[in-house]
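Structures for review follow.
Shared between the two complexes below is chain A, which pairs with chain B and chain C, respectively.
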Partner chain A sequence: MKDFPEDSVGLVTPTSIHFDTPLTLASGRVLPEYDLMIETYGELNADASNAVLICHALSGHHHAAGYHSPEERKPGWWDSAIGPGKVIDTRRFFVVALNNLGGCHGSTGPNTLNPETGKPYGPDFPIVTVPDWVESQARLADHLGIHQWAAVVGGSLGGMQALQWSIDYPERLRHCVIIAAAPKLSTQNIAFNEVARQAISKDPQFYQGHYYEQQVVPKTGLMLARMVGHITYLSEDGMREKFGRELRSGKLSFDFNPQFEIESYLQYQGERFSEAFDANTYLLMTKALDYFDPAADYNNELAEALRQVKCDYFIASFTTDWRFSPERSREIVDALIEAGKKVTYTEIQAAHGHDAFLIPIPRYMEVFGAYMNRIANELETADAR
Partner chain B sequence: MKDFPEDSVGLVTPTSIHFDTPLTLASGRVLPEYDLMIETYGELNADASNAVLICHALSGHHHAAGYHSPEERKPGWWDSAIGPGKVIDTRRFFVVALNNLGGCHGSTGPNTLNPETGKPYGPDFPIVTVPDWVESQARLADHLGIHQWAAVVGGSLGGMQALQWSIDYPERLRHCVIIAAAPKLSTQNIAFNEVARQAISKDPQFYQGHYYEQQVVPKTGLMLARMVGHITYLSEDGMREKFGRELRSGKLSFDFNPQFEIESYLQYQGERFSEAFDANTYLLMTKALDYFDPAADYNNELAEALRQVKCDYFIASFTTDWRFSPERSREIVDALIEAGKKVTYTEIQAAHGHDAFLIPIPRYMEVFGAYMNRIANELETADAR
Partner chain C sequence: MRADLEIIRDWIRPGSRVIDLGCGEGELLEYLVKEKQVQGYGIEINADNITACIEKGVNVIEKDIDQGLCSIRSNSFDTVVMSHALQTMHRPDQIVEEMLRIGKECIVTFPNFAHWRARGYLAIRGRMPVSKFLSYTWYNTPNIHFFTFKDFEELCVERNIYIVDRTVIDHEHKHRWWIRLWPNMLGEIAIYRITR
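Here is the complex of A and B:
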């Protein structure tokens, strides 16, 4: 058996939790019952005060850290930040990660069976919003006996969930960690999402979302969606540094085969993704992004939406992120300041674009770690009292 | 009959010109014969010194100004800049616009008949490069009796042709006008092009480029290609100002129909384009963009590539253009300065992104007009001598 690194949470086993209290969604539709697939790392302390919720981004899931088997090649998606001695220190925190409702990694979603029909939900799965996710996560907290999170943490779409938590359940979190996010999508963000949706839904193998029954998947559509997405995750500088205009064979081939390294890289990423991710879930996730706009109910005044929040905030952005640029994070920071709240903000110098939030960039890990350390210290001070 | 505006060139008739001297392309392949579709505006003067060549961008063609019929709804694509009294003043200049080789508007290209087979060239049409176009345009100049252009003018990919002209035929142009261009594509530019190519070539109606025989077109692929392209032509600010997060019906519909204005706008643009443009030509144009790199033969030193040029340059960029940002234009300017050449550079404040080069923004028209006026005055001074 393979030895896991010392700072890894090691072998982890996901758990599925069934909820049978109907959930009314923002759309008005009701999910009579549903499952959430989760993973936890570390131990919940006696007063259940050390729990940290990890919210995932567009293509994420519950497997945030550690390994499902000794053979697993790569650990969970945020293993660089979660583990014993890491930024989110599992010796001090009880960490909960889940696959969101509508996901395709074990939680109830388009690719799971609709109990009413015995067939996959497919396109009949309702549109879910960030507030819907927060509601389902609050019920998960109830189930786990967690009244108040030490922190709710997320990057990108995950950061939007953290922000929404602080608005919807001001009493249920002490800290809100929002990384590389935005208070709502820009027009350009929506435009790129719409290209992805058109690519998927116009793929002849999409069958209006009923591709499961046809034993096919809209691979081309998903591949194109991921290629476009991937361009927006990388910075222009990072792309140039990594791929430049390097030719695969050293010279131009004067045909339509990929000849620049960036072309084959994107194709590879797109194809790999199209084999692993559910198309209906991709559509749902992009809709949750488009719809996210907590200020909308407050006359488009984000500071008003934040008037009732109680937690402290840690907000981080990355200089070359052009999907959710630092400017977008500063909108949240400025609204928090206007609303008289406590906020720590850092803008990290990084060439990696939006992807930076997943990468253990030293300064990022230092400041994020210092903040998480402060949260853990508060816990221990409270324990000592 | 409709009256055309006074500053319009009015009714124009395209002409097809046949060339039967074989053209050896950069790829090594040879086109034994070909046609170029052109339009001209104004009169060539006695010493043929007042000719201006207009080079078109990715989806452009020979119809740059005026109307093909009284019924035509919209004039040529650069009518805002070409006409009597306009920036490119047809009372003073003889203006030549053409559809490039490989195009789909009448010049020899994938959708025209291959004389050797009697069928459309389709995917067998050779890859054409910017230097290939310049060569074919030089032959066009010979045909028209133009030894030296007063100016070669282009925006975007058209600007790249103008730049290449100045390198390949230093004696054959007095001025080079390069608007919203770049000395080569960035990795990100290539990446977006590759998304477009994948969208087209993986469309089941592409038939490996032989869709003409199938009486279909890869509409979805072309639509997606155009949607992605369109996002890169508009600025983020411009998009926000024009579409914001406006909802089509005033409220969220919680389904996958387009609900934000930007979604239906992009779909409409994409669909309209897919009905009008040839997919094989689109692929060729993106390849010409990717391959353009005049410094490549000079140890990647653009200043070296420009050492032998003789013309004066006018270079313009637009502040919010993120496809070919001002920084990319400044690379050309800096190389020209290093090479000791004469260059006028202007950076125009404009919210329209890359599209700005097609829009009659007052300051843009003023500085561009002042430069063109200087060229015309030189001509008239020479005449008076």
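Here is the complex of A and C:
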């Protein structure tokens, strides 16, 4: 058998958990029952105080670290940060990662069977929001016997879930880690999401979301959606550095085939994604992003929304991220200061744009690690008492 | 703790809201939070200092103070501290104005360029003073504005800033009885408490 790296959690097996208490969603619709696919790493301690919840971003899932098989080419999506001795140290923390409701990696979503009809939900799957996810994650915590998370951690859309957790369940987390996120989407963010949605829904293979029955997938639409998305994940400088204006064949070919390296890169990324992701889920995830706005219920005053929170916050942003720029993170920081809450904020110099939150940039790992270490130390001091 | 910080810490009321601009490794805030239950925030730009603050559990915000404090609401702090950083700001006058806007009271410490040693260095050697305390040469110093106690006090008069308190100490952050005889000549560091 293949040896996994020493700082890897190694071989992991996902588990599906069934919930049969109906979940009333923000839309008013009810999911009578549902499944959540999860993975855990490390050991839950005796008083269940060392649990860390990882919330995933738009295209993420429960497979955050380790390998599903010795043959698996790449480890989980945040393997760079989760593992023994890593920033989220699995020797000290019990880490829980899940696939959100509406996802397409095993949790109940558009591509799973609707028990009422015996057919996939497809476009009939209700639109879920960030607060809905948090509610379902709280039930997951109950199921796992975790009353209070040591930390809820997430990047991008995952960071939004962490923020929502701190507002909805102030007693149930001690630390909130929000990386490369925003308190709500900008108009420009929504605009990009709409282009992605149009690309999918206008694909002739989409069949109003009923493509499963037709045994096809709206591959072109999903690919275009991902290509647009991908542009917003990279910075202009990062793109230039990585691809420049390099031509694949070294000279102009005077036709419309991809010639510049960036063209083939985006096509490759888009194609790979369109084979692995569900179009209805993509639509759903972008809606959850668009709808996220915890201040909306508080007269659009974020500080008011945060008045009741109890946890400490670690917030980080990346200098070249223009999708959720440092200013957007600072909005959260300023509101927390105004509300008199505990917050640490750092701005990481990085050329990678929004994608930086998934990349183990040394300075990023240093501050993030220092903060997680502090959480672990608090735990161990509490244990010693 | 550095002696000037000890003086500052005694000027801060328990349970108040404090922001330390250029908080370094966060030692003042760590003390104030633990011993005086203040609600404290530090602003810092140096990477190692930020890491040190995180390790101490001090609320630290990475920010370039020269970019302004406009995102912080007026009167949102009881005390705004800036220790040994005013001389590194691009526009010390504007920063002092901003400090007075966000806080009810400000505590500022800075080195006195009219101290006899600095005067002597410039007068006799004809070169910008370099000392153990201010060890940079003119081209690499972060201290881009040198000023004296008199200069600062004149600014306060011009801008209608009220000086509540002033303590003058030497480079070891110690009180000496003789400093009081001629502070602008004999004092090396001043700690001012100002308000409007």
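Note that in this section the second predicted complex is superposed on the first by the 385 of 385 C-alpha atoms of A that agree within 3 Å, B and C clash if a C-alpha of one lies under 4 Å from a C-alpha of the other, contacts with A are read in each partner's own complex, and residues count from 1 in each chain.
Note that in this section contacts are C-beta pairs under 8 Å (C-beta built on N, C-alpha and C of every residue); 3 or more make two chains touch, one makes a residue touch a chain.
Remember, it's a predicted structure, so these values are computed and weren't measured experimentally.
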item	value
Partner chain in contact with A:Lys119 - chain B first, chain C second, else both or neither	neither
Which of chain B and chain C A:His147 touches, first, second, both or neither	neither
First, second, both or neither for A:Arg272, with chain B first and chain C second	neither
Touching partner for A:Glu347 - first (chain B), second (chain C), both, neither	second
First, second, both or neither for A:Ala370, with chain B first and chain C second	second
Per-residue touch tally on chain A - higher for chain B or for chain C	B
Chain B versus chain C as contact partner of A:His18, first or second or both or neither	neither
First, second, both or neither for A:Glu338, with chain B first and chain C second	second
Residues of chain A contacting chain B in one complex and chain C in the other	none
Residue numbers on chain C that touch chain A, as the complex places them	17, 39, 41, 47, 50-51, 53-55, 57, 59-63, 71-73, 76
Chain A contact footprint on chain B (complex, rising order)	26-29, 123, 126-127, 184-188, 190-192, 194-195, 197-199, 201-204, 220, 223-224, 227-228, 231, 234, 236, 239-240, 242-245, 252, 254-256, 258, 260, 262-263, 266-267, 270, 283, 287, 290-291, 293
For the chain A and chain C complex, residues of the former touching the latter	314, 330, 333-334, 337-338, 340, 342-347, 363, 366-367, 370-371, 373-374
